[in-house]
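These are the structures in question, set out in turn.
Okay, so subunit A shows up in both of these, paired with subunit B first and subunit C after.
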Partner chain A sequence: MFMKRGKYKSSILAFSIVSGLLLAGCNGDDEKPSASTDSNSNSDEPVTITFWDENASPERTPLWEEIIKQFEDANPNIDVEYVVIPNKSAKSKYDAAIAANDTPDVGSVQTTWLPEFSIREALMPLDEYFDGSELKDKINASAIEFNKKITQDGKLYGIPYAQNLDTIWIRTDWFEEAGVKEPETFDEFFTAIEKMTDKDNGRYGYTIRGGAGGSFQLQRLMFAYSGLDYFGEDGKVNINDPKHVEFVEKYLSYYEEFTPKSDITNGYKEMIAGFDTGVVAMVHHNVGSYGEHKKSLEEGTFKTIPLPKTEDGKYVAEGGNAVNIAVFNSTEHPDAAWKFAEFVNSAEAQSLWNESTGQIPTNTDVLDDEWVQNAQHIKVAFEVYENPETKLYEPPFYLPDYRSILDNLVDPGIQQVMSGQKSAKDFLDEWATAIEESKEKYDQTFNK
Partner chain B sequence: MFSKNKKIDRLLTLYIPLGLMLSFTLFPIYWTINTALKPEGDILKRPLQYLPSNPTVENFVYAWSNIGFATFFKNSLIVGICTVIIVLICSTLSGYALSRYNFVGKKGFMLMLLCTQFIPRAMMIIPLFIIFKNLGLISHPLSLIITYTAVEIPFTTILMAGFISNVPKELEEAAMIDGCSKLQALRHVVFPLLMPGIVATGVFTFIYTWNEFLLALMLTNQQSRFTLPVGLSSMMGEFNVNYGALAAGSVIALIPAVILFAYAQKHLVNGIGGAVKG
Partner chain C sequence: MSYSQGFPETSVNNKDVVHKKKIKKEKLVPYLFILPSFLIILGFLFYPIGTVFYYSLQNYDVSAPYYNSFAGLDNFIKIFTADEMFIPSLINSLKWVVSEVGLQLVFGMILALLLNQTFKFRGLARAAAFIPWAISGVLASVMWSMMFNEHMGVINDMLMKLGIINEPMAFLASTSTAFGAVVIAELWRGIPFFAITLLASLQSIPNELYEAARVDGASRWKSFIYVTLPQLKNTIILTTLLRVVWEFNNVDLLFNLTGGGPAHSTTTLTMYIADLAVHGSNFGYGSALTVVSFGILLIFAILYLRLSRYEKE
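Let's look at the complex of A and B:
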């Protein structure tokens, strides 16, 4: 009996030793995940700051690594720890980090997140740093103004390092072949879709983004068509304006007739793949997808054109289509964090970043660079942004549930209209009501 | 005549359905491998290539060394193996208790185990994040091992209790009459008979940890600690997707699962059928 009990004990002992060893085996280097905890009183002391990249991909990661390397060479006492965050989950990752107060020091954040993050007091106001920096006169003033305008306290929480513009990518070779004019107005746009469709040859005129992110595409097209502001003078949202109803009815009626059947679940990847594999003649995306098209289509067979003009001949673009560098409130090294933010926005870094990603730099010094002059898509973007007639409308990014309305109500709504389960009018009415309710709540909270 | 009919029967009831099902399940895998073996320029090219015309392994090399799949792979293995071991130990012992003993509140306990399965994982993210942050375990494999173990144990315990109930109690009693202690009876008699169940539970747990994405992303803030699913998804940017490397990465991630299933297949079928004869 005694023996048995001894064996029993030894088995338990063996179990614990084995599991202990295994756990110890997992216990590699034990450094702290975010910012190092040493104080930042002396600027010569080596510090480590964390940087989160909100849109990681194998093409972008090496660019960030290059920029970080240059920064570390110039600032030997600052180490930047780079963390990639998959784009799809970036917002929820930031949300969890903010809730647990374990944010990085610096992060790349989309303009649409700035209002919410600033209400949650996650970000550090950068006004003082920016005003004291040589960047002040170099970064696109309207982009900076826009970032201030959308936060509830009017402070600057993010410095835009790359802008974007929605455009239409077209297959120039197909257009030439068919003798169809590149569309400049919406009428021409719809005609081109019809004429470029050749179902027998498996070709469609256009592809609609019916899946994730479709709301953004539709909203931008609607306002480009109507030229309206997001809110009317009486404070009512213009989403369900008769012009928008008219546009959505026509636009979504093209589904299946002139666009692929699979459009109803089209996300970014599927939509771009349709264009790059030669299924569709036109796709509405932005200048950022240049790199993708270049990979699969031959130079000279595609180009980008601005979204069609309104009836009175104006370009319309959505404001705030930018990515920003933001410094988080929890940082223990605000000076080092700002230094990095400043470096990312230097002409050198912006030039490297935007040339490779095909986006529009905000630092005016970059505009003279040779690559900018030679890049058709960047020039188109400038043409639109620099045109004094261009109308920038401002979506209410500041509404905390703006994004969730688009993702959870508008995206599925588009699919319902496409499949004929709902009328365009009902869909836009629902969308408008959701925005209005959200705005009311916001105005009450902030006593506007 | 009879044998001809039988052949047609077999064709209609066995080979054709089986062939259809196989092609249905294998096509995505074939396409992934096909994509992984193509150079980048060929992937989106028309006409589609059903076999790579210039096969290359560059995508695998790129995914493994440049993107860091070697690290992700290692991290996934560490987390997976540790979780499986802890889960197996805990669930075998608690499953034994549940199937062999009667105690007050046993039904309530079983019900609670089941209820834990109803909590959506996404709800746990922020509380877990705060707990692990306070423990200093964010970005540490232990945070994932602890979470996965906690998530898996209730289900595997119920599973194990079912397997153990299938082993006749009399076998144990016979062993004990022959002089075994309770633990020896468990080890020498119950354990070998339970092997299929253990393998099934282990494989089930391993596949869960191998594929889990949400918690792994949320609880890891360091690239060097990412597991495979997180690494894979970081290859799909908003504006560019490297299909070749993504496919190569998926193939790499598939390998352990395939090996595991190939090895455990026999046990698995036994285990799931619960066909342990007394």
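Let's look at the complex of A and C:
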């Protein structure tokens, strides 16, 4: 038997230990909105605007600092406060900021976020500013149209300052040595993986991204293989189309046989490291990783090629693979914020940015620059984007849980198929069901 | 408990009123002293706990505010009836806690007993033994992920040289070895905690008890069972309880080494909550899962303290 006091004491002790430790991992996101310094509209008075960089890295931060310096020199009355956010946590930082109405004046925003942020009324429509600006005739019209098309109200909420494209990076020296043809179709792609694998020498034909972000890679390859739209004419999602099942079955069966064992947990870094350290002959990423490869591999030993074509010979690319400058509704200095957005999209700034990051400029004035003419990876990107036959498919970025379905269901699902715990068909069925349920809920809410 | 302890009453024969006022003031002073801690606890412990309970009854997703609404018990019903991840992740949590706490206690005890002996450079050995505890979680995970690496890891290298394996293994990438690999990494980090606390406790056991046991003819093993263990009982109960709660909520090594993968093989309940709430920003459902794990730990802690007769001889 226990004494009553002891009973009470041990319960309190237990409660306090458990609750104290449980909270160790909790974070409060209840930040209060902060007002900007002054609220004038007179363009001569000094103002400070805040700019959020959604993909900060040691390579990119100095570029932004340079662009900001040039902007401040040209606009002495505007002071830009630069805030760095690592890519991994950028979406959740924006989410929390929007929920707390504590957004920056202007920010770098991925195209896939535009529909959601605009529904949440976080962004300012830029149509008027854009139509009255010189940029109107200079920024890639199809990218602007795409940004309008994906939002609920058809307005322009972001000006794309860089585009990207998924491609395959290959080791040209290894291909020449082995006498293997650079793959243009999926059959050639699979054959190249097989032929380039030489396990005895620690070489693999390809590396699969099985860890974080693997879902994006797989989705883009699936649609490049099938050439289908994301949704069929009946409104049903095409994720579990038999063509996709066929592709995923074959593609993931190459794991371990022709790709490294550690692929199942491969994230971006590991995957790129596999290519750059001479373990794999091919890697699927985008033109933006040019800078990384250039650092580790000798010029002339690597290059990029488009994703293989569909059976009927078409290139396929995922729409919305761009990054934009957006102005937030909470800004008290919309004119100053727009000026900055305009500056980032000027030929000068876009040229500096895109040359160093290896991405595709959207300002047509930059296209004549020498570096654009000489960059093999940029040429490949134009070859795909400017080909009239190229098919752009549009994933439902507007679904609020689009991203979390990919992260929490599809990423682990890929690992389950790779480790043989699940069939490709079951995996794609689950993925399709999740997208369909989410879409149904969305359509009901917005009475589509 | 009397709060006037330590505040001797003055014996000045002033007017009665002044005297009473003074007593009143003296009674108030201790409350003033504990007020800051009380406010801090209220603000940083009870308020956040309250919000977690509140959000567990809501549909609350910061990335989809247009769906936010009162959910009642829907989140909890979903956890127990429709969530395919709940039971597997709870089982992983149990496996994780039992293996971690059990192994850490055993090895921590062995280490504490060794370090309690008298030998040359004992101070240095003690300091070295506690290093893993002082290393940050992120650093430890980076270190272990390199050691487990398939292509350049020291573990593969050693096992190959010893002839135990023929080709390098990707320990963290296989569903059959990932869990064990992370258990070993966390074990390395957790042993010093038990060693430190048990060693402190060992040092407070009076030598006379061992002498008496020796006089009675007890062997070393018997004096460990009948003298050392009973003397360490309260420390063991409290440290294991703390460690169970810690390990249950532990997420840093798992997060960094495997991220819950491959194929959910290392997804514990806490890892699952981190994925849902922090990555997926679904704070409503994440809060409901947190309330459930809070309940599980609370029931465990109460039962554990009672059944183990903590603080009772």
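In the analysis below, the second predicted complex is superposed on the first by the 412 of 448 C-alpha atoms of A that agree within 3 Å, B and C clash if a C-alpha of one lies under 4 Å from a C-alpha of the other, contacts with A are read in each partner's own complex, and residues count from 1 in each chain.
Just so it is clear, a residue touches a chain if its C-beta (ideal position, glycine included) is under 8 Å from a C-beta of that chain, and two chains touch if they have at least 3 such contacts.
What you see is a predicted model, and the numbers here were worked out from it, not measured in a lab.
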Inquiry  = Looking at A:I67 after the superposition, I want to know if it touches subunit B, subunit C, both of them or none. Which is it: first, second, both, neither?
reply    = neither
Task = Based on the superposed arrangement, let me know which partner A:V380 touches: subunit B (first), subunit C (second), both, or neither?
result = neither
Ask   = With the two structures laid over each other on chain A, which partner does A:Y82 touch: subunit B (first), subunit C (second), both, or neither?
value = first
Ask   = Taking the superposition as given, does A:I264 touch the first partner, subunit B, the second, subunit C, both, or neither?
value = second
Query = Looking at the overlay, what does A:L252 touch: subunit B (first), subunit C (second), both, or neither?
reply = neither
Ask   = Counting only touches as set out at the top, which of subunit B and subunit C does A:G278 meet: first, second, both, neither?
value = first
Inquiry  = Looking at A:I193, would you say it contacts subunit B, subunit C, both, or neither? Reply first, second, both or neither.
reply    = neither
Ask   = If you stack the two complexes on chain A, which partner ends up touching A:A99: first (subunit B), second (subunit C), both, or neither?
value = both
Request  = Under the contact definition given at the top, report the residues of subunit A touching subunit B in one complex and subunit C in the other.
outcome  = 7, 11, 15, 18-19, 22-23, 25-26, 28, 92, 95-96, 99
Residue ranges of subunit C in contact with subunit A within the complex = 44-45, 48-49, 52, 61-67, 149-151, 169-170, 172-175, 241-242, 245-246, 249, 251, 258-264, 267, 270, 274-276, 278-282, 290, 293-294, 297-298, 301-302, 304-306, 310-312
Message = Please output the residues of subunit B touching subunit A within their complex, sorted ascending.
response = 40-41, 43-46, 62, 66-67, 78-79, 81-82, 85-86, 89, 125-126, 129-130, 133, 136, 138-142, 145, 181, 183-184, 187, 214, 217-218, 221-223, 230, 233-242, 245
Subunit A - residues contacting subunit B, complex = 4-5, 7-8, 11, 15, 18-19, 22-23, 25-28, 30, 32-34, 50, 55-61, 81-89, 92-93, 95-97, 99-100, 102, 104, 268-269, 273, 276-278, 288-289, 291-292, 295-296, 357-358
Task = Can you check the complex and tell me which residues of subunit A touch subunit C?
result = 2, 6-7, 10-11, 13-15, 17-26, 28-29, 91-92, 95-96, 98-99, 116, 119-120, 202, 210-212, 260-265, 279, 400-401, 404, 407-408, 411-412, 415-416, 418-419, 421-422, 441, 445
